[in-house]
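Structures are listed in the sections that come next.
Okay, so subunit A shows up in both of these, paired with subunit B first and subunit C after.
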Partner chain A sequence: MLKVIELKRTVTDSNDRDAALLRGELKERGIFLINLMSAPGSGKTTLLSRTITDLAGEAAIGVMEADIASDVDAARIKALGAESIQVHTDGMCHMDAGMTRAGLEGMEDRPGIVFLENIGNLICPAEFDTGAHKNVMILSVPEGDDKPLKYPLMFTKSDALVITKTDTLPYFDFDIEKAASRAKALNPDIAVFPVSAKTGEGMRAWEDWLISSRGEWNDA
Partner chain B sequence: MLKVIELKRTVTDSNDRDAALLRGELKERGIFLINLMSAPGSGKTTLLSRTITDLAGEAAIGVMEADIASDVDAARIKALGAESIQVHTDGMCHMDAGMTRAGLEGMEDRPGIVFLENIGNLICPAEFDTGAHKNVMILSVPEGDDKPLKYPLMFTKSDALVITKTDTLPYFDFDIEKAASRAKALNPDIAVFPVSAKTGEGMRAWEDWLISSRGEWNDA
Partner chain C sequence: MHELGIVKHVIKTLEEVAAENDVRRIGSVTLRIGEVSGVVVEQLVDCWNYFREKNALVRGAELKVELVEALTRCTECETVYKTVPQGKICPNCGSGSTYLLVGNEFSIKEIEAELNGDPPADGQGGRS
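Take a look at the complex of A and B:
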């Protein structure tokens, strides 16, 4: 049976402190948490599905799907045999550290990589530290290469930018170099990975970054 | 010179009342206000550009572009010769009635159709009445036909759903009938217009709806 957790809105003026606490607790438990953010329909679940399949045997991966309604994403991940949990945010447009902690309590407590698939939104999720060890954002080719200009905070807060749906580049006016340079103007350290989860192109570089980031975190 | 207005966050517990007041004032001034909502990158500005060009001579159209940062959208509209104003929302993820009123004060006061291009976000904008006479939402083909399941409120609040980028249907797994029936399950009265602003397919039905909606509003 698919787990669904209904979260209630909480008001906290100490989210940053909660997030730092959660980050430390997860380190003790060997759980490397990645906060995955993007606009609706950018291909978060498809990217995760391919990543889980590609990394089978290399890393235990769990996924916490955050949505306002529905559990279609969690069902897709569960069908791959990965641990998957759905959280509902009571209409909230982002996840915070308290909500993330509550969601994680519904998951098995074992070392590995856990993805928090945040609410599809380029604005609010960037404003709240979830307690994750890395922030990753997705920009899909159909959305356009002007998004760093329009949603700068999200690019500033992310450790990596995955540009998805590159198999559709012939059909859209999207310049990967332009998107990357606009992102790097906001955040010189951001790692950029153009990928197609459909064809597999570019996936290994993204997956290598995941594995090496986890290794560095583990050794730190 | 491009007009840019910096809005400040306001707290109001009477947004619904403000919105109703604004709606009435605009009626007196002959301004038919349409609140256009969607996810980032769904093609709002491209749809508006084509609509403005197609309806040249039939209706005076102005556009208020709401963004967190940048003025790329307003510059695109202005290049068409239409009245265009950019408002910045001080990081806010939606427009409310007070912000809409403040933005409109920067525009010429003449009868016609004014589009409010709301912040790219499928969540928060649906929660705030802007004072518009019609709410229109865009769902682009690359975003997927499951969006009514995941962002139900937006579909419930909209008078029309424009499905954009239909020229890319061959490259995505998107079923127009499925998207339309999911939207109608939430909102039986919603009018659905599949369009390609690139090829022009379906544009006239959408434009006819605009003109006839304005006519009914004018006569009411």
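Take a look at the complex of A and C:
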């Protein structure tokens, strides 16, 4: 005879607990972890490369590249002289807290900012807490300003929205004000940074946000 | 693939529950899945049937799914309507100021389990 046990647990419960634990462990190690999410090709690796170069001397930056199978992004970051490690998710479409912890164990124990370049996908990564201290998403100009309407959860979970490839604005019907107000309707606290990682336009405001967020976290 | 990750998390949660409740083996798991949660039920069942064989606790366990119909409420006129296929715009007053009431859930409702200390369920010594 089987006994019925009522649970009423959400499926992500155990991951949520694990993520909260990891956030604490990282605080002990002095690692400020930022989970970077976007659709494939939005410009995550390019934004990180530019940020690493711009902040050289101001902050130690490491990158954990999550990819389904390849490791070209890790090589791009390493070429800049920054610490980078590659995590393969073996077909999974998102990183969870357990995978993030395992990946970070391979990183040098040095206080600073670590970016997790999550799998390129706007749905699944939004549903799993990685243990990061801040969530940042990228929306690139060619993708269109209606993305907040199509993928609301991602915008709700992000602390900052970086609108990249603003150098291509002349070629697309992308309205930055519209994109920002649609994002803010879903998440009034979201910080919005229009940037071009190619020309450098707008990069300083994003980098200042990084430095000040890390400072606030450090003092808290 | 999203469903793969979900099945891994379901099994992890079940392992915790089993430890807390002195469960030896799980016979079935009932999930409540919202109509607009984005989960593909057929894929979920496929992943489940694959992964359950790799774990003694859930080996052979049946996955049951209860679908939850999605409902949206309009903040202007208070109408509650079916999200599928209507969407975000209120069919009564045309307002876009609406929010999802139910339909996004993904939870484990219950399990059927054999506890440590129960007689074995394979016939010998058990009830017929």
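As a convention for this text, the second predicted complex is superposed on the first by the 207 of 220 C-alpha atoms of A that agree within 3 Å, B and C clash if a C-alpha of one lies under 4 Å from a C-alpha of the other, contacts with A are read in each partner's own complex, and residues count from 1 in each chain.
Assume contacts are C-beta pairs under 8 Å (C-beta built on N, C-alpha and C of every residue); 3 or more make two chains touch, one makes a residue touch a chain.
If you're wondering where the values come from, they're calculated on a predicted model, not measured in any experiment.
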First, second, both or neither for A:Cys93, with subunit B first and subunit C second: both
Touched partner set for A:Lys150, first subunit B, second subunit C, both or neither: first
Partner chain(s) touched by A:Arg110 [first = subunit B, second = subunit C, both, neither]: neither
First, second, both or neither for A:Ile123, with subunit B first and subunit C second: both
Dominant toucher of subunit A (residue count), subunit B or subunit C: B
Partner chain(s) touched by A:Arg29 [first = subunit B, second = subunit C, both, neither]: neither
Contacts of A:Ser14 with subunit B and subunit C, given as first, second, both or neither: second
Which superposed partner A:Pro142 touches (first subunit B, second subunit C, both, neither): first
Touching both subunit B and subunit C, residues of subunit A: 91, 93, 123-124, 149
Residue ranges of subunit C in contact with subunit A within the complex: 1-2, 4-6, 9-10, 12-13, 16-17, 21, 23, 27-28, 31, 38, 88, 105-115, 118, 121, 126-127
Touch list for subunit A against partner subunit C, complex: 1-15, 91-94, 96, 123-124, 128, 149
Of all residues in subunit B, those that touch subunit A in their complex: 39-41, 67-70, 72-73, 91, 93, 119-124, 127, 140, 142-144, 146-147, 149-153, 165, 168, 171-172
